[in-house]
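A short write-up of the structure that comes next.
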Amino acid sequence: MAMIEFKNVSKWYGSFQVLKDCTTKVEKGEVIVVCGPSGSGKSTLIKCVNGLEPFQQGELIVNGQSVGAKTTNLPQLRAKIGMVFQNFELFPHMSVTANLNLAQVKVLGRSPEESTEKSRALLQRVGLIDHARKFPGQLSGGQQQRVAIARALAMDPIAMLFDEPTSALDPEMINEVLDVMVELAQEGMTMMCVTHEMGFARKVAHRVIFMDQGEIVEDATKTDFFGTPRSERAQQFLSKILHH
Amino acid sequence: MFTDFDFDVIERALPYLWQGMMFSLGLTLLAMVGGIVLGTLLALMRLSSYKVLRVPAGTYVNLLRSTPLILVIFWFYFLVPIAVKHITGDSYAQGIGPFHSALIAFTLFEAAYYCEIIRAGIQSVPAGQVQAAQALGLNYWQATLQVVLPQAFRNMVPILLTQGIILFQDTSLVYVVGLTDFMGAASKVAQRDGRLVEMYLFAALIYFILCYLASFFVKRLQSRITPPR
Amino acid sequence: MDFGFLSQPAFSGGGTYFDWVLSGIKWTMLVSICAWVIAFTLGSVLGVLRTTKLWWLKGPATAYVELFRNVPLLVQMFIWYFVVPEIVPKTLGMWLKQGMPMPEFWSAVFALGFYTASRVAEQVRSGIQSIPVGQTHAALATGLTMPQVYRHLLLPMGYRIVIPPLTSEFLTIFKNSSVALTIGVLELTAQARTISEYTFRTFEIFTLATVVYVLITMAVTVLMQLVERRLRVPGFIGTGK
C-alpha cells in the first residue's frame, strides 16, 4: 500500500481551479520531487496531504486514512507527517528548544524531560545544539530552516513534506539545508519535496513530478525526467531553470 | 414592556431634532477640514529636521492627546472669550458665541489626532520617492506637495474618514456646555417632556444608522483603494 | 498663577479644595480601572471569536462590535443611567433606581466598559490576524488542534503585538472617564469645573487638572513600555510580521 495516494484530486478557489484531476502516489521510502512554474499548484498539492488545504473532489489516502473524510482525526494524522515550510514558520516567541518541544508535549504527550532529550539529540544532528536556548529571530535563515526540520523530525514522522524549503534562503545558506535533506533521504525517509533544486533531485529523488496550471504534466523516474521529458512544457521549464 | 412609552414625542420634536442634526454635521465638517489642514502642518513640523519646529509640534500633539475632550471643551469655552476680548478690546466679545468656542476646541483637538494619522501616512511613502524627487531638482515644498502628500493622502483617505466618524460621535459632547446639537436637542426634549427613554433610544438609533452606514462606505472605499494582492 | 486657593476650606464637605481634587482623581481612576476590567475581558473574548471561522460565534461578536462602536459614548452613558432601569423588569428596575448603591458610578463603568470592549475586540482581532497564516499552518502541521494553536501560538503572539494599541485604549478609557460627569460622577474634570465655579480660579484649576491627566498618561505610557520591553521576543522586531 502506498504511503500517500492521490486519486483524481481537484480543488477550486471560487471558480478558479488550482488542482485538476491530480493522480499520483508516493511509496514508503520514496523521495519525490515536485517542480513547476510558480502558480502551478505544487504547494497546494503538497498542503493537501496533511489537510492544510481542503479539496473538493477526488480522494487522498495517507497512511491508509482518507484525508478528506469527516471521520479522519486530522491532528492525529498530521502528527505523523512532518512538514517544512518556505518561510520556516518557527514560533517567534518560543526558544528553539521550546519550538521542538511544543507538539511533542501537547500532541504526543511526552514528558518535558523526554521531549527535551529528543530535541537536543535532533539539534545535535542538524548541528545547532549550541543554539538550543536562542530565539528564532536570533538565527540565520539557514539555521532557522534546520531547526524547522528538527521540529518536524521530533514527532518521529513516517513521511516528510517540504514546501520550497530553500527558496526563501540566501544562496550561501541553501546547501546547509539541502545537506540535511539529502542525509534524510539516504536514511530512507519517505519525502515529498516541492523544490527547484534540480541538483537535489538528481542526487536523491526516485521520481520527479512536473506540474503546470494545476495539472500533473509529467510523473517520471529521475532518469526519464532528466533524460528527455516527454512534454514540451517540462522541457521548456527545465531549460529555463538549468541554463543560468 | 414599551406600553407606557409615548413614541409620538419624537414625531412632534422632529423639526427641532433636525436643526440639532444640522448643527452636529456642520460642526463635524468644519472641524474635520480645519483639523486636517492644521494636522498636516503639525505633521510636517513633527517630521521636520529643525528642532524649533519639531519640539513645539510634538509637545502640542502629546498635550492635546493626553487631555480629555471635555476638559478641552471647557478650556476653550473659558479661554476663547478672553482671547477675543484681548484681540478686539471688545469686552462683550460680540459675534463669538459658544458655537465658535466649540468649533475652535474641536479643530485644535482633532488636529492633534489628524497629525498622528497624517504623520504615519507621510512616513509610509518610501524614502526613495523623496530622493527621486530631490534628484530631479524639486525643492522641499515641491517634493512635499507634488510627490509625498498626494501619495500619503491616497493611502490615508479611509483612516481620515474613520476619524471623521469618531469626530461626529464626539460632537455630542458639546452637550456639556449646553449647545443644541442633535444630542443636545434630544436631551432637551427628553427633559422638557419627561420622555427620556424614548428620546435617548431614538438618538442612539439615529447615531447608529448614520455611523454604521458611513463606516460601511469607508470600508468599501478602502477595498477599492487597496490594490488586490 | 496662584494656587493658594487649594488650601482654602471648600464651599461644602468640610475639606479643602485640594481634597476635592484628590477625590476627583480617585473617582477618575476607579471608573477607568473598573471599566477596563470589563473592556479587556469582554473585548478579548469578542476579538478572539471574530477570528474564528464559525459563523455562529463570529456573527454575534461582529454585531456587538458594530452596535457598540457606532453609538456615541455619551448616548450609551445616558442609556445605561436613564433608560436601562425603565425597560428591565419592574422589580429589577426599582432596585437599580433605589436599592443599588452609587448608580451613577456603576452606570458609568458599564457604559465605558461595554463601549471600549468593542474597540478592544477590534485590536485583539487585528493583532491575531496580523500573524501570518503560515504560522497557523505550521502549528496545525505538527498535529496541534485549533484550540491548542490559539493557546500556544495565536494568543501569546497576538497579545504581544497588541500591547501598544491596548495601552492607548486604556488611555482612551482614562480620558473618556470624564464623560461620566454628564451623569453626575464627580471625577477630576467635574471637580475642576465645580471648583472653578466656586473660586473663579478657572485658569489655575484647569491647568492643574490638565497636568494631572498628562502626568498619569505619561506614567502609564512609560510603565507599558517597560512591560513591552520585558515581554519582547528576542530577534523579533516591530509588530505584525
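All chains are identified by letter, namely A, B and C, in their written order; residue positions are counted from 1 within each chain.
In this section, a residue touches a chain if its C-beta (ideal position, glycine included) is under 8 Å from a C-beta of that chain, and two chains touch if they have at least 3 such contacts.
Here the structure is a predicted model, which is why all the values come from computation and not from measurement.
Taking the mean of C-alpha positions as each chain's centre, the chain lying farthest from the centre of chain A is B.
Central chain assignment: C. Criterion: smallest distance from chain C-alpha mean to the mean of all protein C-alpha atoms. Each chain gets one centre point, the mean of its Cα atoms, and the points for chain A and chain B are 53 Å apart.
Measuring from the averaged C-alpha position of chain A to that of chain C gives a distance of 46 Å.
Computed centre separation for the pair chain B/chain C is 21 angstrom, with centres defined by C-alpha atoms. For chain B, the set of residues that touch two or more other chains is empty.
Within the complex formed with chain A, the residues of chain C that make contact are 132, 134-135, 137-145, 148, 152-153, 156-157, 160, 233-237. Of all residues in chain A, those touching chain C in their complex are 47, 50, 52, 74-83, 85-87, 89-93, 102-103, 106-108, 134-139, 148, 151-152, 155, 161. For chain B in complex with chain C, the residues that touch the partner chain are 1-2, 62-63, 66-71, 74-75, 78, 169-170, 172-173, 175-176, 183, 187, 190, 196-197, 200-201, 203-204, 207-208, 211-212, 215. Those residues of chain C that touch chain B in the complex are listed here as 66-67, 69-76, 78-79, 82-83, 86-87, 171, 175-179, 181-182, 189, 192-193, 196, 202-203, 206, 209-210, 213-214, 217-218.
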